[in-house]
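Below you will find the structure I want to go over with you.
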Amino acid sequence: MADAALSTAPRAARGGTLALRLRQNAGLLGAIGLFVLFYGVYNLYHPRGFSQQVLIQNANEVFTIALVAMAQTVPVILGGLDLSVGAVMTLVNCLASHLVAGGPGEIGLGILACLAAGTAFGFLNGCVVVYGRIQPIIATLATGAIAIGLALFLRPKPGGKLDADLSWAMTNSLGDFAETYGLFGDGSGGGQAPWFQPIAGIPVPLVLLVLVAVGVWMPFRRTLTGRTVYAVGSAEGAAFMSGLPIARAKLAAFTMAGFFAGVGGLFLAIQTSTGNADIPQAGAYTLNSIAAVVIGGTSLLGGTGGAVASVIGALVLRAISFNFRIFDIPPLMQPLVEGLVLLAAVSLGALRALRTRNRLELFR
Amino acid sequence: MIAGAPLALRADTKPILIAAGFVLVILAVGTAYTLATQGAATLLSPAYLIQQLQTGAFLGLVAAGMMLVILIGHIDLSVAWTLAAAAMTATAVGGPLALPAGLAVGVAVGLLNGIGVAYLRVPSMIFTLGVNAVLRGLMVAQTGGFAPQTAATDAMRFLGAERIAGMPVAVLVWAAVSLLTAGLLSRTAFGKALYGMGNSEAAAYLSGIRTRRVTILAFVLCSVLASLAGVMLAGYSTKAYQGMGDAYVLPAIAAVVIGGTHILGGRGRYLGTVVGVILIVLLNSVLSIMQMPEAGRQVIYGGVIIAMLLVYGRGAPTRS
Amino acid sequence: PKTASGPGPEPQCFKPWKADTKYMQWPKKDGPYRVAIVNGFVGNTWRIQMIQTAKAYAEQPGMKERIKELKVVSTGTDVAAQLGAMEDFINQGYDAIVTIAVAPDGFDRVIRLADRNNVVVVPFDNVLDTDKVMQVNEDQLEIGRIAGRHILKELGSKREGKILEVRGLPGNSVDRDRHLGFREVVEKEAPKFQIIEIVGNWDDGTSQKATADALAVHGRFDAVFTQGGSTGTVRAMMDAKHPFVPMAGESENGYRKLIAEHAKDGLKGLSYGQSAGLVAISMKAALAALEGNPMPQLISVPIPVEDYTSLKAGVNYWPDLTDNFFTANAFPACGVNISAPEIMAKDAQNVK
Amino acid sequence: MIQTDSRAPFLTLTGISKRYGGVRALDGVTFACGRGSIHAVLGENGAGKSTLIKIVSGVVQPDEGVMRLDGREVAFPNPAAANRAGVVCVFQELSLMPDLTVADNILAADPPRRFGLIDGRAQRRRAEELLASIGCADVDPRLRVRDLPLSRRQMVEIAKALAKKPRLLILDEATSALTAADVERVYAMLRRLKADGVAILYISHRMHEIDALADTLSVFRNGRHIETFAKGARSPDRIVELMIGREITAQYPPKPRRSRPKPRLEVRDLSWGERLRGLSFSVGSGEIVGLGGLDGQGQKEVLLALFGVLKGVGGTVTVDGRPHRPGSPAEAKDGGLALIPEDRKTEGLMLPMSIADNLVAASLKPLSKGFVIDRAKERAAVADAVRRLQIKIGNADDAVSTLSGGNQQKVVIAKWLMTGPGLILLNDPTRGIDVGTKQEIYRLLRDLADGGAAILFYSTDYDELIGCCDRVSVMYDGRIVRELEGDAITERAIVASALNMGNRVPHHG
């Protein structure tokens, strides 16, 4: 039979894996290009460009939005939107301002409680979407309001006091972290161990970011549930027919979103050592998270993309505004310039539309 | 639609009835509160109700436009600054040209949004967000650089604040726009095209519907209605100012959805949007009267939306 | 900075908050200086007026020579971005950072870095809950008290009835302090007044809607205290044909125009100003500190107050100009003489 | 009156009923099917076949009745449960996730795992094996399904079903988009499974497939099980009669014998990127011209190019002597063209909308007076369309998604006939349509042609091209390699040119 011959035939026609990967991730490549451009220019013109201080400062500034963007990504891949990520971030931020203080044990428990709270709120979002059968975008618009309301109950006005050491250690380099807690030392202090020196200059938030991405997102993506998230975003009906665990995937997606947003809120609390139930700020984080997801090349229609890409998107967003501190743009023109650059960045995807020669491919 | 069984409740009517019922519940709760605290049922007085309609008219105009865009499966997050930019432009131009200038802003923004969404095919959620940022930037630059006049003209005052036979002109404008919108949606090719595109853009396109033109028109109408609301709101407050539109975006979306329009497009009746607007305005007012702190307000606001959607939004599980 | 003893320079301008306010002193640096202004939210007239004032002030003789570079950025409502911008300017080697904080707390790290690098950080308007930096503000509690006293005075012997209080942005310390100051006076001297509280967000539209609502429900008030969006509050009363009553509110030009016009009908208004000119005083204070002067940690700027008896067209309000800007802008005691129309309406006459 | 075959039945259904609102999709069905058997399920559109297998595979639940598998009573709340019991279905509506890769799709529900995480490499290897086993080794498992043509997707779908190691395999029109060569490979695979003792339920509207494959046949009509019999026990005419309740005389209407008419559509050097490489052909008024060939040789693109969907089309096209360069379907429609698209679910219909709204979607302008739609005219047009194509509907206000596949397809056709097109493009219009309806559609096409319309007709079904078309242009790799006319249109000729192998005829099997 011809089959046997076919199955063993060399697959000569196939391109290399790398080429295929690149083609399938064109959006992400664009985002990386944008980031290199904006961040490179910023560092080039910064009086202390490419230095540890600048990197630390940038890492601190980027961390929360990067996590909120990761949070947004999972529901987006699922084919929904989570309009509550900024609010959940804020809620955990306020909770942390009550819980993350005291002795090391209390702090540890506090941190766990904060992460659990974010995760739980995300899970509730998932329940509303799955069992309430409400469209995610509108369900989370509503639960977002509830999260903000709870945050306001917790912190009617900004305040609270987080552990100062923790705050310092988490917002500086690994070296400072080790020094603060007397780790990897040679007895006289912390952070002098020779093996430690090469990495001592890395900002802690950057390490955390990588840990969350590699330790949580990457494995999740490779579970059956994670794949189902993609499948549901691609074609929910087909995913159901394929016998995939849809409800579990939806619950997991929103739970992940809550967890990531919670990590972001917790870090913001540690960074500022306070909690603040700031409604406009929550809204800004939510909207920026969507922008970051899009700039990262994830389709808002679901099924494709990834959280790491959204981190890049968030980096691009931040890097745009970094440049305002370097270049002399009249202050009242800055919002306009920022708006135009944002519009241009999100319109990059349009190149695909303009290149598409079969208009039917535009509809999906 | 072709005449169906007249007695059977159409699927898209149920949300409207429920929302209307909820409006009554809100009024009842508010009245119970005022009876308890002041011994009077002020909420049932015509003066109060007309005042709510007056407030609701601006939101109603924005929501009507938003609904057109939501029906085709898009969203317009730029209405906040479209509204403000139109008002600020109208007052800056002043004189008899104020109104046309304000509406022209709406047309321009709508065209930009429409082109971005229909031709560049950038997701509307994000393109309109960018346009919103650009508009804000423009208005900041203009306030700082040109210091224009911000006083509303008499015509704007008339539309926004005055009354004819005790009924605010703004409410009459809203009613007129509502009639037109309802007719547009149910009786014109454009209306059918909106629903068709909301359900399947590819099928609509292959049916020979000029989908790009329809998209652009929907965005233009949305922006024009937002700018009309802006011009009238400036008339109501006698002036235009930055940030006057911020309070209209999310409530407009919420009103449309509470009224039974599907957030992903393709389904919904205009009457629902009107009821949704009234519901939101009343809810805000009653919470304000009860001096509910912001925290409680937010929780109730979110709770109401979820409760409403749980009651009627629980459709069959999506399988497609 | 080290703790120093007063008095500092220009005490009529850099007035310590209280008698026991401590003084701070930075090592003297040679000018001219690089100054950064880190604004948060931009998108209302007050902030724009503030930025314009800062730019104009830096161009004035006496300032121009001492400032090598003035950079203004607005970071939006995001605290992380604001912290990042401040730290960035420290890294870039700026000498002073003037800021309106988006939150009253959370700046510890930046302050620590600034101190390490001898950078002078001056929060104003929305100040920080800390005594580790030099700050410039008007006394918000006092503003509330002034409002309360004015209303009680204008009500004469009436000590019973309803007062409408239109509050500002929920959760903001300015809103809280003004509210507390107001309540302190009214509750002490006229505890029988029922105070109806609504939220106006310091925004004309919100105030107008909320006031209209309150009027429709409560019918009549004997007096009104509106923290901001004052024009909207009055407009709502006029629309509802509510009689004019004693009032206290902000310094918007529109509000003052209405007071001037309707004082004789009973709009016995008081108008205080949280001035956008505070930025100029903050810049001036930053330079004074850089020059090695001992400075009060908390600088109290006099509250510009006018009432219906003291309003003068072309002096403290401008009938022909737009409603939106804030009239109180100049502080002669500090040599800050930029009037609001210069900033906000320089060519309003040309625009018809 | 079930005639069980010699072996004990593997699946038995007793008294199964299912209602959708007012529609009785299944009415007390009692049915059985045995191991090691290929059991064809026949019935016209809407007979309840899909509903039956949806119940068996856990997609929907019956209102009443009992289902037994291997003697034990079972009830499947969802497809996953059915899969676990060894019941696997290849659905009429594709169940692939377009953004996932081929490998991800094939092993979607149960991928190879290491430490709980999906093992990408092992998964790819397994997918390659499965694809090879159905002779589809040319599909790269790393590709996204979105980038595959429909025929390849159906093959992936089949591989996916095999991956679940079925004990009962159901194919619901799973071969409707496959070309003859692929169908052969699927047959081979099915026969292997049959030999291994798998029970197979096979639904198809193509009688020759059933002829070639099935050993047992069951006929359904109006939601009822009519009869089950062994292959050969009934004549084909009798079977059709059982299915549609009446006799069918001639499947295809007679072709008129006449000289070639003046071309209405003339295409010269049509090109589009790599996919169309300079084709020329013409279609005359009153003519039905078929496009044949293996799937994916550019036939679809020809239709789309003519209909204004593709950008950057080269060559000249004239319609009635006037140049024709539509920039959009709207312009094509204005030029008197109609296109029945490939996928009715996404391209032809707005599923949640009413039947009436779908029917008038292409004719809104002529039905309007000024800006306003004339309701009376609209109603009349809808009623007319339903009558003309004998669409089986309850109420014109019901969602079109409630119709069976065949009736949905009729709605698409009716929508376009309402515009009175002079040139009709059809992309596989009878996919998933029963014999009776097919016959109606052929009749209709011929009537339209006789009325002066020019018809260009792409089909994956050779029978249809032979029976229906005045001429057939066979495409290979973006070109027309052969034009057949009159008696020269034979299966042999079509297949030979489709494989572009001159006169050599391939051996199947």
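As written, the chain order gives the labels A, B, C and D, with residue 1 at the start of each chain.
Following the convention adopted for this analysis, a contact is a pair of C-beta atoms (placed from the backbone, for glycine too) under 8 Å apart; a residue touches a chain by one contact, two chains touch by 3 or more.
The model shown is predicted, which means the values in this text are computed figures rather than measured ones.
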Two chains sharing the most C-beta contacts: A-B
Distance between the centres, which are taken as Cα means, of chain C and chain A, whole angstrom: 37
Where chain A and chain D are represented by their mean Cα positions, the distance between them in whole Å: 43
Centre distance in Å when chain C and chain D are each reduced to the mean of their C-alpha atoms: 72
Mean-CA-position distance for chain B and chain A (Å): 32
Residues of chain D touching at least two other chains: 309, 328, 347
Residues of chain B engaged with two or more neighbouring chains: 136, 140, 143-144, 200, 202, 205-206, 293-294, 320
Residue numbers of chain C (touch at least two other chains): 42-43, 48, 51-52, 170-171
Pairwise touch network: line, ring, star, complete, or other: other
Interchain contacts, given as pairs of chains that touch: A-B, A-C, A-D, B-C, B-D
Of chain B, residues touching chain A in the complex: 77, 116, 119-123, 125-127, 129-138, 140-141, 143-145, 200-202, 205-206, 250, 253-254, 257, 262-264, 293-306, 309-310, 313-315, 317-320
Residues of chain C touching chain A in the complex: 36-37, 39, 41-43, 48, 51-52, 55, 71-81, 83-85, 87-89, 91-93, 102-109, 112, 129, 170-173, 176
Complex contact set, residues of chain A against chain B: 81, 128, 132-135, 137-139, 141-146, 148-153, 156, 236-237, 240, 277, 279, 287, 290-291, 294, 300-301, 332-340, 342-343, 346-347, 349-350, 353-354, 359-360, 362-364
Chain C contact footprint on chain A (complex, rising order): 46-48, 51, 53-54, 57-58, 60-61, 63-65, 152, 155-160, 164, 167-168, 171, 268, 271-274, 276-278, 280-281, 284-285, 318, 321-322, 324-326, 328, 331-332, 334-335
Complex contact set, residues of chain A against chain D: 1-3, 6-9, 11, 13-14, 17, 20, 24, 219, 222-224, 227, 230-231, 233-235, 237-245, 302-304, 356-360
